Amino acid sequence: MKMIRAIIKPFKLDDVKDALGAVGVSGLTVTEVRGHGRQKGHTELYRGAEYNVDFVPKTEVMIVVEDEQVDDVVEAVVEAARSGKVGDGKIFVSTIERAIRIRTGEADADALS
Amino acid sequence: MKMIRAIIKPFKLDDVKDALGAVGVSGLTVTEVRGHGRQKGHTELYRGAEYNVDFVPKTEVMIVVEDEQVDDVVEAVVEAARSGKVGDGKIFVSTIERAIRIRTGEADADALS
Amino acid sequence: MKMIRAIIKPFKLDDVKDALGAVGVSGLTVTEVRGHGRQKGHTELYRGAEYNVDFVPKTEVMIVVEDEQVDDVVEAVVEAARSGKVGDGKIFVSTIERAIRIRTGEADADALS
Amino acid sequence: MKHIISKIGLLLPAALLAPSMAFAEDTLNSGDTAWMLTATALVLLMTLPGLALFYGGMVRKKNVLSVAMQTLSIAALMSVLWIVCGYSLAFSEGNAFIGDLSKAFFAGVGVGSMSGTIPETLFATFQMTFAIITPVLIIGAFVERMKFSAVLLFSAVWLLAVYAPICHWVWGGGFLGDAGALDFAGGTVVHINAGVAGLVCALVLGKRIGYPKEAMLPHNLTYTLIGTALLWVGWFGFNAGSELAADGTAGMAMLVTQVAAAMAVLSWTFAEWIVYKKPSLLGACSGAIAGLVAITPASGFVGPIGALAIGLSAGLVCFWAVSALKRKLGYDDSLDAFGVHGVGGIVGALLTAVFASAGLGGAGLAEGMTMGSQLMVQIEAIGATVVYCAAVTFVLLKIIDLLLGLRVEHDQEREGLDITQHGEQVYDK
Amino acid sequence: MKHIISKIGLLLPAALLAPSMAFAEDTLNSGDTAWMLTATALVLLMTLPGLALFYGGMVRKKNVLSVAMQTLSIAALMSVLWIVCGYSLAFSEGNAFIGDLSKAFFAGVGVGSMSGTIPETLFATFQMTFAIITPVLIIGAFVERMKFSAVLLFSAVWLLAVYAPICHWVWGGGFLGDAGALDFAGGTVVHINAGVAGLVCALVLGKRIGYPKEAMLPHNLTYTLIGTALLWVGWFGFNAGSELAADGTAGMAMLVTQVAAAMAVLSWTFAEWIVYKKPSLLGACSGAIAGLVAITPASGFVGPIGALAIGLSAGLVCFWAVSALKRKLGYDDSLDAFGVHGVGGIVGALLTAVFASAGLGGAGLAEGMTMGSQLMVQIEAIGATVVYCAAVTFVLLKIIDLLLGLRVEHDQEREGLDITQHGEQVYDK
Amino acid sequence: MKHIISKIGLLLPAALLAPSMAFAEDTLNSGDTAWMLTATALVLLMTLPGLALFYGGMVRKKNVLSVAMQTLSIAALMSVLWIVCGYSLAFSEGNAFIGDLSKAFFAGVGVGSMSGTIPETLFATFQMTFAIITPVLIIGAFVERMKFSAVLLFSAVWLLAVYAPICHWVWGGGFLGDAGALDFAGGTVVHINAGVAGLVCALVLGKRIGYPKEAMLPHNLTYTLIGTALLWVGWFGFNAGSELAADGTAGMAMLVTQVAAAMAVLSWTFAEWIVYKKPSLLGACSGAIAGLVAITPASGFVGPIGALAIGLSAGLVCFWAVSALKRKLGYDDSLDAFGVHGVGGIVGALLTAVFASAGLGGAGLAEGMTMGSQLMVQIEAIGATVVYCAAVTFVLLKIIDLLLGLRVEHDQEREGLDITQHGEQVYDK
């Protein structure tokens, strides 16, 4: 199994969720994060004091799927999350060795709903 | 070393923490996340407009332990987090190659407190 | 590629970001988390009722880099995040198999900005 | 405020005779003045922070500050314009349609000028708070997408071109007041006016990106609750203050305001409970505002029974307007400026004619009026306001669209107005 | 309010003779009326949004809206019931125990009806705000676990079966007022009454799931601070308004209200600092409310020295009640309705007898009263209220439990009342 | 308040002749009393929760509660000290520099004591709210780093050693009032005084760790907005209340307060828009406060034109002070107590001399005064206040540093004052 973590722009979440649904993924976990990358943040002014806000709000979407689904999922996310502007985000893929469904104790493939 | 990430129902956190303490785990990191799975969210009505709230609040508990502890930890979490209802959550296990304690620079097993 | 996750004290974030910049890392993702470890939390009193607040606010910094950069990055984080007091946090390193830049579709090394 | 205006009319000559910088001790009533000082503070409280929070809590997090900033800066701009010429256009003699500029920059209005039993400065400040809240009510229709510069320009011109004349028609000696239209505290001047302008704004600006597909949930309903409560409390100043005196009518106005608001909370809540299975806080808050809007024109004229009936109707009709009607017609009146203020104002203006009659516990209609004839006058007032307001608002928006553009860019709307228009974010650690 | 009531008594015939729809210009005092209009707005502010925020900030995030919704809808329901028959039961003549229905639906109460120097509509609205806040105070004891339908039904019946009679006993011409019980602004009628009812609710409903093992931290102490501040400011209307006039007693009532609240903030804060090593904001807020509660019955009768003593005692005794006493007895009075309002009310009622005496800077006891005899009367009033309120509250809860059930289901309590009862969440992005 | 004080002077003997426990019915004006009861509530609202939120929203999350706690407990402590001897030191006869202790513990101040047309208890409570807000304004300069115990001790001593004498100089019969200094509602006594004390605190305590390198963004600008709005509304009580009567001057004071605040919102907003490209909510809020500060000394003396000019100037000058001046001088006046209150107060005090003249729409200068001579008097008053306040504040801080230490430890500052000083956190789930 693979864990796919996509860091995307927050307002793309709805689109990504729909795209994932379309390729058969229904389980996912979302975290609010802040990112720093090429998209450099911005300066904010408070009463004339200039502050660098280095971190931009991002949303991390985490999906665990079986190996053969990875390409579809990655493609779906890339399609749905792309706006073509800097800061669109990144996708990272790693290996998961075990998955367990807490409710039933089912393991691995059966655990991924 | 393994990293165990359990996505659980928020109100089970206290129980999970106690159960982990009982099997000798004292270090853990908790993140507020939102999940989508079999438990489908719900609709909310605001002035008659119906919105799907697709994501349910969940809590992610992350624990890094040595390999031989993994089974105990998984079992403890499953026990403590189960309510038997849909949405109880999932556990994912993956490999960690290095761990460092920032304060002392200790590595790996020694770093896990 | 490796994923480095450092759990640090929140007020060290600025220093860590600067230190990472100094070793050539510009992409990173930050999450607000709560931690439990040797640093035991504290009790809070509300109208005379004593509650254990077991979790201390922490910040997780996640960086994906190429393998040869890992040592530099770990060292930079350790330097910048250390205060010498309990609760300084931990660093965990794991393997990432693929990285994709959503905007361009570039993969792996090219995807890490 | 209708019958008060005539009182003022009678007293005005006396006031004018008084040397403008000396105390006209013979006519000033310190109790009335005390109440009107308070009432003025209460009405300002409705806008700042009342409306800012009521509206601000209902938008998405990325637009909270923009709502607050629009509220605050419109309030400031209207205050200054009121001094410059707004007050004069609304309340100086002029003709049946608009005042003149004789009181521009408050010429001749001094410490000793009187307006009935209270200082004219106080009357003008009290009225200023009405001129502040009305344009702020409108923003509910176009939040989350309108350019800040366009918001300011629109509000400024709208005050002078729409609010000031209609205010003059009803309260300033204009043709609707003369015709006997009953609008004690601003059902027509404030609420129908703002509601209709809001509807036109919603139609001209178009929907928010993603509406109605994306979930646009209220960011923080606690803010909305605080806003509702401050609006409610401040409304005592709005309605009972419109008596311009601390007397029995003010007491009754306060009572019926409370009763109508309470009844509308209950009717909206129970309607929602029955239709959608759950009674929500947002529903209860919306009901409160609907009831307060509807009792506004009636507050000096009806009794507790009338208030119960008006509250009941307002809760049900506005509930229907914002849930069924809006969905059917498909416009994006984001925070229901029209559904609550426009519709609620119309309900109130009509029922005023009914429950003002002495037989139904009201203060009684003017001599020669029947319930039917009063109803016709009310319809005339509503009609004139709707048509004039809609037409002028539409033209103003079109002109401003040419000059500045009305909407922010697509990406700015996505990112939110707080950062893109004001360079700020509502929260930080 | 005691001695005011007798003033009203004297003036009542005059008021009744006045034609009900005309201004009784001879008796209305515009200054008193101005102050009472304001005071009424201030007391409403205590509930909306004061109590909603004070309580709402102390519950967990999942229940914030339910507290706000209970506050708002109880306020609405009590307002309507007050019109229907609550006011009549409390303030019409009736007998020594309860009024009659002669003023149901405000029959005979018109624009011209007077109550002392102010319009009767205003007196009734002012009293309405007391009838609103009392049942809302009770919810502090049962938040986070009671069904919304049961909350509404309980509040409605409680108003008529408990509040209205006790209000009549003390202020409406009933036996406690006749006996000379001193309760200027509602220490007994409002606070002891609500506190005792809260305690009974806490006992009958039982503890929240997880209490006291799980940490149940206040969700947002800023809300609690805002609530505290608005309660404090509004309390000026509560206490100084209970004079029903803008005079020297009102001035003194405002002063002693401020002093007692301030002193109780200090005594609670320092007690906490000494006992638990850290002075907390929640402690300071709790102290403020405790002081305000305790000065309530005394506010028209004592001077600044009495206020210092009452504030000092209230801070210390209530601190002990909510920390030591509650823990020992083990009930889950979630937000300390009893510990603050019940206990603080009793402290105040007793000390009123002491510090009302002229020798200690007070306004002096009634002719023939000694400090000892006054204390006996106060104890009688407390006793009657505690026993009657506890008994009837208990019976009402048991009946409602049979009819509707009092508590939400286990899983609903876990998930929170906001989603399960009202279909809403307090925050969104 | 200047000319009022002389009115009181004239009336005082009459009041003293009246038996202290009986109503002096002949002189009490119920309308004036009604307004002053309200005004007192409004000024308290400025501090609680106004300032707590205005300041609390601008600090970082870890220090929100500490700001609220400092506000609340300073308010409590000042109230008690005012009773003990603060009022007496400020307002009893004494000499040209300070009052005496003849009214300590409010000796001789009873229900029947009068101060002009209102009860003396009310005058004293109104003044108490000024004595509360002034030390709370100072905390803006030292938030996020000062020990709680030191905050309390400093505020207490500062009230008696700095506030009470300066208040006496200007309003209590002291030398500045005698010299003809114009300070209607506290430009000098409250704002310059607090601003200068704040500057000294900022200099003596030193910068916050990380300032100005780290981003110290406001934690929640909604709180700041609510605070601004409540300050604004409450300021009507501050300024129009300083007339101590419900009359034409009060009406004018309310009008000019509104106008100056509005104009300063606009001038700050547009300055920011031009200089930094984006008009921010924090800027608009800051402008409002700057305008309110600057109109304070002028509010009973100038007309609407003067108010426009004062608002315009205050917005621009304070904008420059907090952005350019502060950065240049490099002190860490965290929330700009000096930049807004000190600088705004000076702008207002000077312009009062200009726009009070009848030719510019004002109430006219005292006989024998020219604009130039009045300006000299104003400068004298500012100078005396700045020098005395700075010197004594400095000495007090140094002594307290020796006794208790002023700053929290390095790690406590890093972790935040909420947890380390008060054992609480602002939010929980």
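Odds and ends about this structure:
Order of writing sets the labels: A, B, C, D, E and F. Residues in every chain begin at 1.
We adopt the following convention: contacts are C-beta pairs under 8 Å (C-beta built on N, C-alpha and C of every residue); 3 or more make two chains touch, one makes a residue touch a chain.
Bear in mind the structure is a predicted one, so any value in this text is a computation, not a measurement.
Among the remaining chains, those touching subunit D and also subunit F are A, E. Shared contact partners of subunit B and subunit C comprise A, E. At the interface between subunit D and subunit E, two copies of one sequence, fewer than half of the residue numbers in use appear on both sides, so the contact is built from largely different positions.
For this pair, subunit E with subunit F, the centres built from the Cα atoms lie 33 Å apart.
Rounded to whole angstrom, the centroid-to-centroid distance between subunit C and subunit E, based on C-alpha atoms, equals 51 Å. Averaged C-alpha coordinates give centres for subunit C and subunit F that are 45 Å from one another.
Touching of two or more other chains is recorded for residues 31-32, 44-46, 53, 85, 94-95 of subunit C.
Contact with two or more other chains is made by residues 29-32, 34-35, 38, 217-218, 220, 226, 246, 276, 278, 280, 282, 423-425, 429 of subunit D. A complete list of chain pairs in contact reads A-B, A-C, A-D, A-F, B-C, B-D, B-E, C-E, C-F, D-E, D-F, E-F.
Across the complex, subunit C is touched by residues 210, 214-215, 411, 414-415, 419, 423-425 of subunit F.
Residues 2, 6-8, 31-38, 54-55, 58, 60, 74, 77-78, 81-95 of subunit A touch subunit C in their complex. Listed in rising order, the residues of subunit F touching subunit E in the complex are 21, 23-24, 28-35, 37-38, 40-41, 44-45, 48-49, 52-53, 56, 64-65, 68-69, 72-73, 75-80, 83, 105-106, 109-113, 118-122, 124-125, 128, 148, 220, 223, 226, 246, 421-429. Contact residues on subunit E toward subunit C in their complex (touch as defined above): 212, 215-218, 272, 276, 278, 280, 282-283, 286, 319, 322-324, 326-327, 336, 339. Put simply, subunit E touches subunit F in their complex at residues 29-32, 34-35, 38-39, 42, 60-61, 217-222, 225-226, 228-230, 232-233, 236-237, 240, 245-252, 254-255, 258-259, 261-263, 265-266, 269, 276-282, 284-285, 288, 303-305, 308, 358, 363-364.
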